[in-house]
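Some structures are shown below for you to check.
Both complexes shown next keep chain A, but they swap its partner, so chain B is in the first and chain C is in the second.
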Partner chain A sequence: MAGFGFACLVLALVVCAYGIGVSLYGARSGRVEFSESGRRSVYALALVLTVAMVVLELAFVGNDFAFNTVADTSSRTTPLFYRAAAVWSSQEGSLLLWAWLMSLWSSLALFLTRRRLRDVAAYATAILLGFGAFFVGLMVFYANPFATTHPAPAEGVGLDPLLRFPAMMIHPPMLYSGYTLCIVPLAFGMGALLARRVDADWIKVIRRFAFAAWLFLGAGIMLGALWSYSELGWGGYWGWDAVENAALLPWLTGTAFLHSLMIQEKRGMLKVWNVSLALATGTLAVMGTFLVRSGILDSIHAFGGHTLGVPFVILIALLIAGSIYLVASRRSMLRSEHRLDSWLSREAAFLANNLVLVALAFVILWGTYFPLISEAIGGQEASVGPPWFDRYTVPLALILVLLSGVGPVIAWRRATLANARRNFMIPIGCALATLIGLEAGGVTAHPLAIVMFCLAGFVVGSVGQEFYRGTRARIAIAHEPPPLALLALVRRNRRRYGGYIVHIGIAVMFVGVAASSSFQHASELGLNPGQSTRIGSYEIRYVRPTASITPAEDRAHTGSTLSLGAVLDVTQNGHHVATLDPSEGFYASEEASQGTVGSLIGGQPVSHIAMNLNLARNVWTAVQPDIETPDLKRIITDGNNTLPPQDAIIAVAYLARAYLKHPPQAQFNFLVSPLVLWLWIGAIVIIGGSITALWPAPSRIRQRVLAGARARTRRGLARA
Partner chain B sequence: MDPARRRVARLVVALAVAVVLASALIYTSFSAASPALSPSQLVREAVPGRAYQLTGTVVKGSVHRQGATLDFAMEDRVGGTVIALAYTGIVPDPFREGREVIVTVEKQPNGGYVGERNSLITKCPSKYKTAPPSENQNS
Partner chain C sequence: MTFLIVILTLVLLGLVALVVGAPLRSARRARDVEPQEGARSQPGGEPASPSAYTRDELEVAREAKYREIRDAELDYRTGKLSREDYEAIDADLRAEALEILNRLEGVTPTEP
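Then we have the complex of A and B:
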């Protein structure tokens, strides 16, 4: 089976090479049959890689430990769902996922453009297959997912318990879909430049893919943040870690691209910006893919040795050099059709949007790669931390939120005082109302957070005004009742109103971020049973310890041998709010040196946090029980010395009982974070708005189907 | 000024502003950064009162918890100099002996090292290591 899988990869490489050849020939010579053959090679690549994925999946699901990747990341005791998803938790498997997703999205893109932009599409095909060849080549020569060991081990290592969390399993497919979808605009942008066809056509064709890339990338980032918040023991959702930043960078330039292309469509301006942003987004996506697996940066996720670093660096250098050359040599074709009439105009607002997003991307890029930069310049590797990132990203984020409220309502070409009055009175009023409401409510600290809240009010006012005016106009025309009018309004102009919904989601999300970071109360301390502490307006009391062995209620199927925790009573002003039960799971390790008993609980512990979440705030608790007291350690040592392996669990049970009877002081982390749920609600609103904006309009579908039928009839008649 | 010159002038101004802002950013990054050192480098270069980012491997048998303080020792990735330090704050789940960690430390006047609160990061155990086939056989 493994041999067959590897053969698929080799075949894929051959298909890529063939496709690149025919596509380039078809593009240069203008002969359509060759370009068509190139396009079909992409379909063939998708098919071959699908077969390869199926082979690997079957190996995981069937527990075929001859496969090295299966033995390294799965085990018989890993539940089916996690086994199936463990395919992409290894370097080799994740490369296959990347290549497979890219082949699927490329096939879709080329299928949808099969009758348009033939010359651009031919070059784009060659570029997409080039990426395919790169990733398949990496697998064939460096990191083979179908490598085997004989004889096969009886049992695998198992999936890291930290990853046994549903969101973590779809995080890679989402993120990789985002990354691979970013390659499509890059390929078409380069194709347009190569074919010297840089009018608005390629933008219209590629817009949906850029939007889908943005959506999947954003979803992948949010899933990572959700995992960090709910699973890791630090209670945060964003740490400015290198891999978090690496995924954020193409998302930022992608956001700029999505907005900036509207200006090219409507007024033929910002062409250099658009093509540069498309190329930059794709390049940053490749850089993000590289960063996570290269080991060049010290971060919590610095996986990988240095074997893959060199090919990636070469690819990235080629992309950057190629992009600069293409844009510079075609700059005469990218001249704007119109000039900026006024700094107070929608065009200027979108230009400012581009600048802010690129500035944000530059800051984050600089900070992320700083260890390499400082080593290259000064010989000393140094790194910057979250405070440095916050210092620059916070003001830029504030400007961004402001622009998201200004953009939809400011006039095209030149905003006059009259239309400014008409458009901005209500949004500014909402911002002021928010400020007054906050002051009245006693929220006066943290000025930057207050500014963010007011700006969010501004955005909601601005977008709400648009919805209101549109609905009112529709009622005047169609005499529908308001709810139907609103629905019809959105259905007829999904792109615009879907985008407005996304802006509301962004405002809600930033409110959640500002509130949960500025107004958070945090506390870490040791408590004995019966003791309590005050945090914010809450009092938390450590009621009693908890302990269980191979928990019967192992909801997350985490398989921990021992679980120790605490029951906490949370009250506010004397009223009972919640009872929380955080715990820490102790897992088996593979180290015989720890002894028969020690190795049952000597593996990596995982903190299971407990929280009470509502719309207003989250009370988040984590516990670190102390199992290294002299008494408890003695139980382990005695067990190691006296019990045979099959009875070692008895000592663990004895340890649990001892922990319950004489609980040592446990270390607790408490966080009270206001409005943190708004972050996730904002994310859902953004996703809903994006889907609305992406959804093809019903009339368009009907038109396309009719046009297709008409074309077929015509062809049929012509042949007759 | 004719439109073409105005366009060029605007571009120059915009680029100048960008360069100034970028320079400010770059300057502050160098002053705000903490140098990343291995234990052997830290022993040679550390001065009391300055924060350094220490990267190394947790020495087996060196981890002891005393209430809120975690005492442990770190050595170079390839072995060698060992530095003992005392750390308070959140200990990430993956932390254990033999793992690679990053922690911000400050040298004390008495020669010992104290870890900055909540600065401890443990590298996730290598899931993406492209190991040569022989390594995979002893799992």
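Then we have the complex of A and C:
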């Protein structure tokens, strides 16, 4: 079946080439049937890539180790869920996932625009198929997911232990959906410029896709942060890693785009800015995809693949050059229809918000790519660490949170000073109340964090006031009970109030970030059983060691051969808080030089975190057991010298027993982080607000259904 | 197995050809039935005419203007606009909406 899978890729490439040709011909000649055939090519691409995806999934689920990707990333002992998701843990499989998701989202976008923007859509189709051809071409010529080896190995290598985490398996489909959805506004933006139809129509069409891209990118980023916090042994959720930054960049410019396109919809302003943001966001999405598979990064996120760097660089250069040319050559058509009426207006607040977001993106872009470019040119490794990023992004983030509270309170077009004074009283009051509360609670250190908390109070006050006043206005008009009035208010103004909910989520999230990073207590030390240490207001005692041999005791399906850990007793002021059991898994390696026993546990060890999490704080623990003591090393050496491979596990069991009997000092990493759960709560609120804003209004759904029925009836009458 | 792969590939190729070729076949049939109309019409959709573009643009502008009128009213009712400001803005917006509606009426109507 690998042959059939590869045939699907070749067919997909042919479909892309055909579709690009007919779409461009249809756009230039005005012959609608050719544009329509091009659009259907995208549907056909989605069909063919779906078949290819099914073939690869079946190979993974069925343990067909003749497929190289299956042999390299899966095994018979890998649980079914991880086997199914392991498809995208390799370079080749992730390319297929990218191309497949792009074909699906492109099909949806072109289906929804099949009756409008025909000339724009024809160019957009050609551009989308161009991306399809690029990614499918990479698979056909460089990284074939259907490459096979004969005879097939009896067993696979298995999934990287670090990826055996549910959030990490969902993270790529979310992130790639975000990246591929970013391509839709890029394609339609370029199509609008090529067709010289830069009115509000194309903006209206792609707005939902831009929002969906933002939502999926955000979800993907948060899932990655969750994995980092819960699975990696350093206790952080964001490290300004180049790959993390690469995903954040299109999210930031996408946020700016979502705000500024509202100004173009209402006032016909910022046309150059909007189309530039749409093109930049799509280009940044491609750059993010490039970063993990170019071979220039040595990172947990990287796929490697030095051969893919050059094609990606060419594509990115074409995108940048093409975007600049199109915007510059069409600038006369992109003139604003109106001017800013007042600097005290929502338009002005959105403009300021855009500038801050783009400034943030620029800082992160510089800090991420400058060291890489510098190293590529000069050969010397350069790095920009978290302190550099924090120095510039924290002040900008504070301004952003302030603006997210200002925007909802100011009117479109113009606001008077008297009105503004009245409307800002409650939000400012909430900020002051927050400050007073913090002072009373003795929270006075870390001034920037204090400012962030007060600004979050400001945002909550601002948005809460909007909900209250809007509900009151609704009651005055419709005489509904308050709960129904609130529901009706949100239903009738989904974009506005969904956006307000997102702002609350952002504020909550930043409170979590500020508190957990500024007020964290951390400790890294060695402990013997019975010893304890103090961290913050908590006392943690190392009660006893733990050891287990898999697969019999591998309840968490970690896939480790041996797991060594500790039981920890956590108390506060003498009261028991929690019992935690962090551990470290030791995995098999393929290094024959390690010997039969050594290779069973010689792979990269993976920390399994234990934590006690509530709304107020998280107690986070990790352990690194020491198996390099002379006694334990002697067990491994003796086992290597005396035991045949099939009995090597006996030595591992003996090692585990010896560890329990005479446990050496273990290294522990303890963190107490206030309000870290608020980070994830904020993310959930953001998702809820986004879905509210994206959900189509009920009347519009009804109108569309009725219009479709009327159209079908009329066509029927015409044929009769 | 190779035979099966070839059959499956040909079936998929046939499906793809059916899907992407349908508009071209329909256009040829339409030309065969009514050759005088030329190759520019398409069954199931409107021809690409400048008035269709203008109508689409104006409909989008109309919806945006209605939304602006509602937003202005909500801004007034939630205390962000004074009565004087709201009445001035509302008058401007309604005048702009009327202009759009007049322009829409002037565009050649086609099948909705």
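Note that the second predicted complex is superposed on the first by the 696 of 720 C-alpha atoms of A that agree within 3 Å, B and C clash if a C-alpha of one lies under 4 Å from a C-alpha of the other, contacts with A are read in each partner's own complex, and residues count from 1 in each chain.
Please note the rule applied: contacts are C-beta pairs under 8 Å (C-beta built on N, C-alpha and C of every residue); 3 or more make two chains touch, one makes a residue touch a chain.
Keep in mind that what you see is a predicted model, and the values were worked out from it rather than measured.
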{"item": "Contacts of A:L525 with chain B and chain C, given as first, second, both or neither", "value": "first"}
{"item": "Contacts of A:V157 with chain B and chain C, given as first, second, both or neither", "value": "first"}
{"item": "Chain B versus chain C as contact partner of A:P387, first or second or both or neither", "value": "first"}
{"item": "Which superposed partner A:H446 touches (first chain B, second chain C, both, neither)", "value": "neither"}
{"item": "A:R491 touches, of chain B and chain C: first, second, both or neither?", "value": "neither"}
{"item": "Partner chain in contact with A:E265 - chain B first, chain C second, else both or neither", "value": "second"}
{"item": "Which of chain B and chain C A:R541 touches, first, second, both or neither", "value": "neither"}
{"item": "Which superposed partner A:A7 touches (first chain B, second chain C, both, neither)", "value": "second"}
{"item": "Residues on chain A engaged by chain C in the complex (per definition of touch)", "value": "1, 3-4, 7-8, 11, 15, 18-19, 22, 30-34, 36-37, 40-41, 43-44, 47-48, 51, 114-119, 197, 199-201, 204, 265-266, 409-416, 418-419, 422-423, 466, 469-470, 473, 476-477, 493, 496, 707, 710-711, 714-715"}
{"item": "Complex contacts: residues of chain A adjacent to chain B", "value": "68, 71-73, 89-92, 94, 142-143, 147, 149, 153, 156-157, 160, 162, 232-234, 292-293, 298-305, 307-308, 339, 359, 362-363, 366-367, 370-371, 374, 378, 380-385, 387-388, 391-392, 524-526, 590, 604-607, 624, 626, 628, 665, 667, 669"}
{"item": "Touching residues (chain side chain C, partner chain A) in the complex", "value": "1-2, 4-5, 8-9, 12-13, 15-16, 19-24, 26-27, 39-42, 44-48, 53, 56-57, 60-61, 63-64, 67-68, 70-72, 74-75, 77-82, 85, 89, 111-112"}
{"item": "In the complex, chain B residues that touch chain A", "value": "3, 7, 21-22, 25-26, 28-30, 32-37, 53, 55, 64-65, 67-68, 89-94, 96, 102, 104, 118, 121-131, 133, 136-137, 139"}
